[in-house]
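Have a look at these structures, which come just after this line.
Next come two complexes, and both contain chain A; in the first it sits with chain B, in the second with chain C.
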Partner chain A sequence: MNKVMFFAHLRDAVGEESVSVDLTGKTVAEAKAILSEQHGINLETVMTAVNEEFAGDDDVLSDGDVVAFIPPVSGG
Partner chain B sequence: MDDRYSRQILFSPIGKNGQDKLASKHVLMIGAGALGSGNGEVLTRAGVGKLTIVDRDYVEASNLQRQQLYTEEDVREKLPKAVAAEKRLKAINSEVEIVSIVGDASPEMLEELVRDVDVILDATDNFETRMAINDISQKHKIPWVYGACVGSFGMSFTIIPGKTPCLNCLLKRIPIQGMTCDTGGIIGPTVQMVIAHQSAEVLKILVEDWEAVREGFTSFDLWRNQYTSMKVGKAKDPGCLSCGDSPEYPYLEKDNLSRSTVLCGRDTVQIRPPRQSEINLADLANRLASLGYGVKANPYLLSVEMGEQRVVIFKDGRGLVHGTKDMSQARSIYQRLLG
Partner chain C sequence: MNFEISKEPIDTQSIIDKVIQREAGAITTFIGTVRELTAGKKTLYLIYEAYESMAVKKLEQIGREIEERWTGAKVAISHRVGKLEITDIAVVIAVSTPHRADSYEANRYAIERIKEIVPIWKKEHWEDGEEWIGNQLETVAYPTGKPEESDLDE
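Our next item is the complex of A and B:
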């Protein structure tokens, strides 16, 4: 199983700070597609951290990895 | 005022040597909104040698809740932010050379301005300008400090050319529909937290304490009590067009910039985003309506009243700003909505 955390407006859209979902063996791109579908959110240009380290779309997730989606914001 | 910087000099990582370095350095700050106000004040009080401020907007009542340099009088006079900031900062510290520029920070302007600059401070409100700053920083090997916030959520990252990944390595392209303060709101403490992160990094860079520069990408949510630091070392991409082995600096190219055109005889400016993308119009319409803006939307476009202007956004991201012929003002209004 994997813990998936959402930040900023993604958290509002999902309604929870984190969800538990099995993403073992999936790439980050596949994980994004699954979660976008499940929660009706757009993760296209969102940064992904796996275990607090930047992850690319091709990185493969292992059991127990903590995934965080960090949307770049532009306000200033 | 010999005593002026005594407490900062007592702080050992700065010391007398660091203070002398600060006084000889030049900071280019792009933007004088919330982040620009606070960062500008910290650096002016700290005694940097020179601060150049670029901003295209004027002071409005909705700025006063968080943009600490501005007053009700600035709102009444509709002073450009760069001018109001210069006035206030000079009153705070007359020893600092403050230069203000009222205008859009285009790639051409950035090329002119960076010649003798030691660090670029990002206080903008949009990714198009940030990507141009990112390319200029790589091209001229000048560090820059990214900062941004919306609601109670903020982030900051320090880019050192030749060492860290750049913003293009992390984002790959300009995020469209990045949340902005005009669509997601903002509270003062979030601004202050981002300012604290950015200005501390700028001080480290100016006193050349490179070891102390933060390596991670920091983000936090002050309301939800979250604080994260993401390691980014492996994000550095040798194929990156901004900082890789064969850089092309794509965001300094005119083709990759949003194009604005004054529509003949219509008091309207049209804005085309740098790349086509499908905008979630329903989501944006709901958000703007909940903030009290007058919004009308159909499956093809939405229309929103923004003060004296009316903005129409099409599904492909194209925008029409009615009620102005000023391209800089129109871009500013457009980017408030879409980031």
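Our next item is the complex of A and C:
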């Protein structure tokens, strides 16, 4: 299983800080498609972090990986 | 702990103290504060939120990048989260280096990098509404689904 985390407007849209989904063997792009579909959110311009490091769309997820969708940041 | 996300008001002097070193001839301090007017619109207050564990890692990465680029640099950064009022301090960056030019440059580099790679978001609250900044306008797009290669750690 995988923990998937949402922040900022994505968390507001999903209504949860995180959900549990099995994404083992899926690519980041596939994970985005699955979560977009499940929660009706647009993840096209969103970065993805796997285990707290930025990941590419082609990276493959393993069991237990923590996935976080990172909207364009606005700190500073 | 030179790099931290703070739920409490930031004490600027304590951040400066972290970069004091005998080799330094300069310390620059950047203090980011909450501005009232943005494009003519009046902000009442802000909420900052962070993916804290990753944000600390990315601040540490910025520190390493600076120490690699500017020899002898020492860096400390604290970014606030929670509700901030107008004029409150959102971020403090202190950089010490042997010579002043490097200190200015490295400090500028730190704030620009924060705005690129550190997972922190602000929600602006106005009299007539609220909005997470950096989202719906989609002024920043990542067509490949990730930041550019230069934004990635090592």
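Operating definition for what follows: the second predicted complex is superposed on the first by the 72 of 76 C-alpha atoms of A that agree within 3 Å, B and C clash if a C-alpha of one lies under 4 Å from a C-alpha of the other, contacts with A are read in each partner's own complex, and residues count from 1 in each chain.
Everything that follows uses one rule, which is that contacts are C-beta pairs under 8 Å (C-beta built on N, C-alpha and C of every residue); 3 or more make two chains touch, one makes a residue touch a chain.
Since the structure is predicted, the reported quantities are computational estimates derived from the model, not experimental observations.
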Quiz item: Which holds for A:Glu17: it touches chain B only (first), chain C only (second), both, or neither?
Solution: first
Self-check item: Contacts of A:Lys32 with chain B and chain C, given as first, second, both or neither
Solution: second
Quiz item: Counting only touches as set out at the top, which of chain B and chain C does A:Ile70 meet: first, second, both, neither?
Solution: both
Practice problem: Specify the partner with more touching residues on chain A, choosing between chain B and chain C. | Solution: C
Quiz item: For chain A, what residues appear in both contact lists, the one with chain B and the one with chain C?
Solution: 7-9, 45-47, 49, 52-54, 56, 68, 70-76
Quiz item: Of all residues in chain C, which touch chain A in the complex?
Solution: 32, 48-51, 53-55, 57, 79, 90-91, 111, 114-123, 132-136, 138-142, 144-147, 151-153
Quiz item: Which chain A residues qualify as touching chain C in the complex?
Solution: 5, 7-9, 12, 28-29, 32, 44-49, 52-57, 68, 70-76
Exercise. Would you tell me which residues of chain B are touching chain A in their complex?
Key: 31, 33-36, 122-127, 130, 147-151, 153-155, 165, 170-173, 175-181, 184, 186, 194, 217, 219, 221, 224, 226, 228-232, 234-235, 280, 335, 339
Quiz item: Tell me, which parts of chain A touch chain B in their complex?
Solution: 7-9, 11, 17, 42, 45-47, 49, 52-54, 56, 68, 70-76
